[in-house]
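I'd like to ask you about the structure that follows.
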């Protein structure tokens, strides 16, 4: 298969603004595009949920219309095991992840960064202690730890997400630490210190912003994906978001009970929603990383 | 997993009836052989009758052990390990004459040991020993002492004469040589995992993943049971268990999940057999909440519920709506008291009469305070049916202007809230009874307090007197009229909104014949089952 | 010297494609020259003149797309003339507009497979190569000795473990490595830059190649080590007489080691000839760029005379906006009125001013 | 590996074992605190069937001789553990060590099996993408892997079971099926967890990036220049280290996924037991499983550290293994 390389005369001047986009592979643009589409969709559905602009009342129980296939009686995506409209619950369901998901990412990133810098930048002893703690958190099987905490306190989505965030702190710590170690080898930091730059700018601007930005974006998008999957698993075990508030996780779980009997859609609809959302976040992370990575050549 | 969802197990004595020598030895012309694999939801922790407290374990002890007396399909007391018995005039001493031809299950390489009175005394002592942790202690506190008259006679003296005391002597007898520790039985004792009994089946093996195989006991005193082996297969997921049945991986399911009833009903290969556990489901109210202490509000809630629609939608219509605190199958049920109809306007009227008027947000309020109540339900992985009932309840009440906030809580946290701190407005549960229909511990004023059953805090002198009277009389008929009156009063008072008694179903492959199911102990008549070749 | 050249490159073109500017980067834009057996050809030029890319093209190691798109590389391997770019035209189609390549269609994957097949017995056996930064060119996870024995067992008859170990120790001594038995087990991390380069040379020469490409061998090292490595190369050249293509921007080392010299500028050879003639040229003779290049090297005369060092004005040619005329036109000081129009308009051919010495400049073109 | 390399490795491993011991202690303290804070009491589980007793646990606790104050309970557990006696499960009375080792084996089989499946799928895709870059073949494969790893694992399990049921008409469960435990059915949960444990996309990305980076390293170019096989040179840094890194860092995820798959496929594993024990507040079993799981995870880390050091003995001791970003 022959690949074409054509010289476009007149297009080769430096000034054209599109350089950034043309510089990247078409694939990355597709990834970022799809990812942004998902983020917009999630934001819109979150807003629709908040302002109650929903096709049907998500909590209206209708026992005559239980497990109705998509398209019956005005329910675009059919109804769930209580006869409630699946589309409305799907739109409202994102609320279980939007803010809590962001919380999970914040909890994973902020302390992660701080400890990472401390470990990478600080003295050897700080590094050993922080590594020990991150190994400690990592040594738990994630789900059992979360279950214990929820069983101990209360099954509230924000609570779950804080714990999910905490279990991701070690990954961020190691990410930042490895980057700082790498930069130290390049005596990049000594040069900056030599210039008398205050340590704060070195850490914040040079290390975190320019070098860790790409990986942190990936961690954030992965974090959101993981938060959704974790809540779904917990819902299967009964400890996710509780009825009657909808969440994609508990919709899949309650739908799955009827899956083996042949009613596929109550669990397939939210499962596909989860799939498309997580795929969106993954690709957004991947695409942005490739774009930003290509710029930050180190 | 370990307990029927939200079932609070609660067993009392049985009715007394003339003893009839029922089953004869096994010359009934039915073929022997074959295996029944039955699916269980969850794995039994222990296999002995004393420390077990889960339905899963009790079903197996029913096959492996025997009691002094037994209960036949027609609920009559029949002899089992005791051939005959006589009761003293003051009904405080019971003498049992034991069968002489019973031997304990034989472990490979050991000589067979006969069943003697010593075993009965041993079982009583173990049960009552402070170090033995068993739910049976409370149930048999009425026994004062047990003495062995001779090798085959044992005399029980009880503290006070009680109604149908004889029925209580169905507790299972352990072998003296069984447990490692002669004085008491704890869950560390190996006997708990390798039980030895006198019953129709003996424990053959327990596989690594919890599969329990019971083999037929050839030396069973009632004659060898027909089925060669019964295998209990544990499942962690009810959907998978039902598919296992549908695809012939197992032959029987002890308790079918309501949502699969239509599917199994439609399949010719299987028989759906109801067994009415004497239980009923209800919404309990916390009368300490000012709103709920008003009877009219509780009645209005009952009017607002369309119980028949719920039954039809969620349980495939398999159950009967009840109006009082007894299961319809029980002799104490008062058929004259009809359940309140589904009548939302009547509910609205009652609420208006109780002083509630619609607030700005459409929900009722009284003196500025919104009628908002919390309904607490425990989380159980297989609580699909409970979830549907609770959500429907919330919807019905929303239609009459009551704001119900549903709160699902982890099992232990829920028990703490409801039974200890009484921190709830409404809660949903199911009681399981034996036949004595003694509901004193539910509604007696004395039974109010932490970890006690009258958690709703219901106290009514008239009910108290009826209950106490019932407890004392020995006359069955008098007891029955008292209970029927209680039923009428409580139907009017509605401390609970009585919902229904579900028909439990077991499903088994058509090849298994002559299947009689004990409403509560399930396998009591399993020795008569056989497989069509 | 035998008549047929060991390596003959004809009109080699290696382009890259800048996605950002949607234009070709013409790193090697029509290079032709020959190297006879035993001869050392010095290729000199500023960085970005395409020297290294040309070397990689010969070895078939050009990774980026589209890579080699035209030309022929003849190599005499044990008596047989072999074209390293055989049936390149089956994989490449070029579209030219006013003798400039405007469009290329290349089956990159297919050509890659073809190169692997072609170069299978050539790389390492007939042609060996050493690189610029020695420390990162050695596998950090294998000891130096094992990497050398690997080469030996790949390309020389001695396959045995002990035998190849002896052989590599012998070569470590030949490259003046200190205490070779100890260094044998060392990892590259434990060696200095100079020692790594010696190891690289040992690895390359241990396969007894007939042709060695040294791509900026001394550039990555500090001054004192550079001269020692130069001495080593000179010594090996004298002993083994291996044909070498020495690529460097260090005039000193080129002058010292090469028999003939090719000066590259803007992806083209602008002057080619015997070292004596090319390197000796004064300010007026030879190609203006060569003259300027030689003038910018400080020698003891202008150091003692404290004359200001000469630098070539302007900067390295942009290989994307390739001017029509001579690539050095913008920076050439010897442009005369007569030839100015030619220099700006037309690309001068590489024409012989004396037998064996050719210059690509209109100053000489007319005669 | 020459003798010279053994000394530092032995010293590093000794240090690792010490750190692991400390970690296990930390894990047990954290789990105990959470358990202690949780409402409910393990002993109330025993009295399930009987409601009208006094406050559950009080009299029972004396009966079982369990010390009252919480730190006393922890210390007695710890003393026991050090002697290898993890105590007995309150629910079944079985000694914990015996029970979790039997069950732990099943989970180990499931975890390692699913990890193998993940690698079996991820490695070819990653290597192909690293060498060939994004093209007609690598792009759809990567997308498919991303899709599969974004699915909720239990729903994925149900789909697989449904397909299996309705295409073969056989019941696919190795444990609980009556057609005898056909070893083939073991593969199903392993494949489902292998594909569905949500780490597939990260594994591919990590391997692809690492191999891509190594292939562009100078020493790989030298290898090609000298006609040696690229794979032989790129193997260590481009494949061995990244694989052990990603595997070590993903063990907690896979163990988490195992809890779900064990329930769906009726697989008697450690996850299911941990789940049951947590709800029963079966204190000794939870502690035992937490410690065993921690050992699993640390073993993964040790393997990774060991490979990292063994591969380049030159690496000085304090360069702690590169953790996966």
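Letters are used for the chains, namely A, B, C and D, taken in the order the chains are written, and counting of residues starts over at 1 for each.
Keep in mind that, in the parts below, a contact is a pair of C-beta atoms (placed from the backbone, for glycine too) under 8 Å apart; a residue touches a chain by one contact, two chains touch by 3 or more.
Quick caveat: nothing in here was measured; it's all calculated off a predicted structure.
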Worksheet item: How short can a path of touching chains from chain B to chain C be, counted in steps?
Response: 2
Item to complete: State, to the nearest whole Å, the distance from the C-alpha centre of chain A to the C-alpha centre of chain C.
Response: 50
Discussion item. Centroid of chain A to centroid of chain B, CA atoms only: how many Å?
Written reply: 47
Worksheet item: Quick one: chain A and chain D, Cα centre-to-centre, how many Å?
Response: 22
Worksheet item: Approximately how many whole Å separate the CA-defined centres of chain B and chain D?
Response: 40
Practice prompt. Among the residues of chain D, pick out those that touch two or more other chains and give their numbers.
Written response: 38-39, 158, 161, 165, 263, 279
Item to complete: Enumerate the residues of chain B that touch no fewer than two other chains.
Response: 239-240, 243, 381, 410, 412-413
Worksheet entry | Overlap residues in chain C, where contacts from two or more other chains coincide | 109
Worksheet entry | Each pair of chains that touches, named by its two labels | A-B, A-C, A-D, B-D, C-D
Worksheet, complete the sentence: chain D partner, complex, touching residues on chain B are 1-3, 8-10, 37, 39, 45-46, 51, 53-54, 130-131, 133, 135-139, 186-189, 192-193, 208-211, 233-237, 239-240, 243-244, 247-251, 381, 410-413, 415-416, 419-420, 441, 447, 450-453
Worksheet item: Okay, in this complex, where on chain D does chain C touch?
Response: 2, 132, 216-219, 221-228, 233, 236-237, 311-314
Practice prompt. Name, in rising order, each residue of chain A that touches chain C in their complex.
Written response: 1-9, 11-12, 14, 19, 22-23
Worksheet item: Which residues of chain B touch chain A in their complex?
Response: 239-240, 242-243, 259-260, 263, 309-310, 313, 379-381, 383-384, 387-388, 390-392, 394-395, 406-410, 412-413
Fill in: Touching residues (chain side chain C, partner chain D) in the complex
59, 61, 63, 109, 119-125, 128-129, 131, 133, 136-142, 150-151, 154-155, 185, 187, 189-190, 200, 203-204, 207
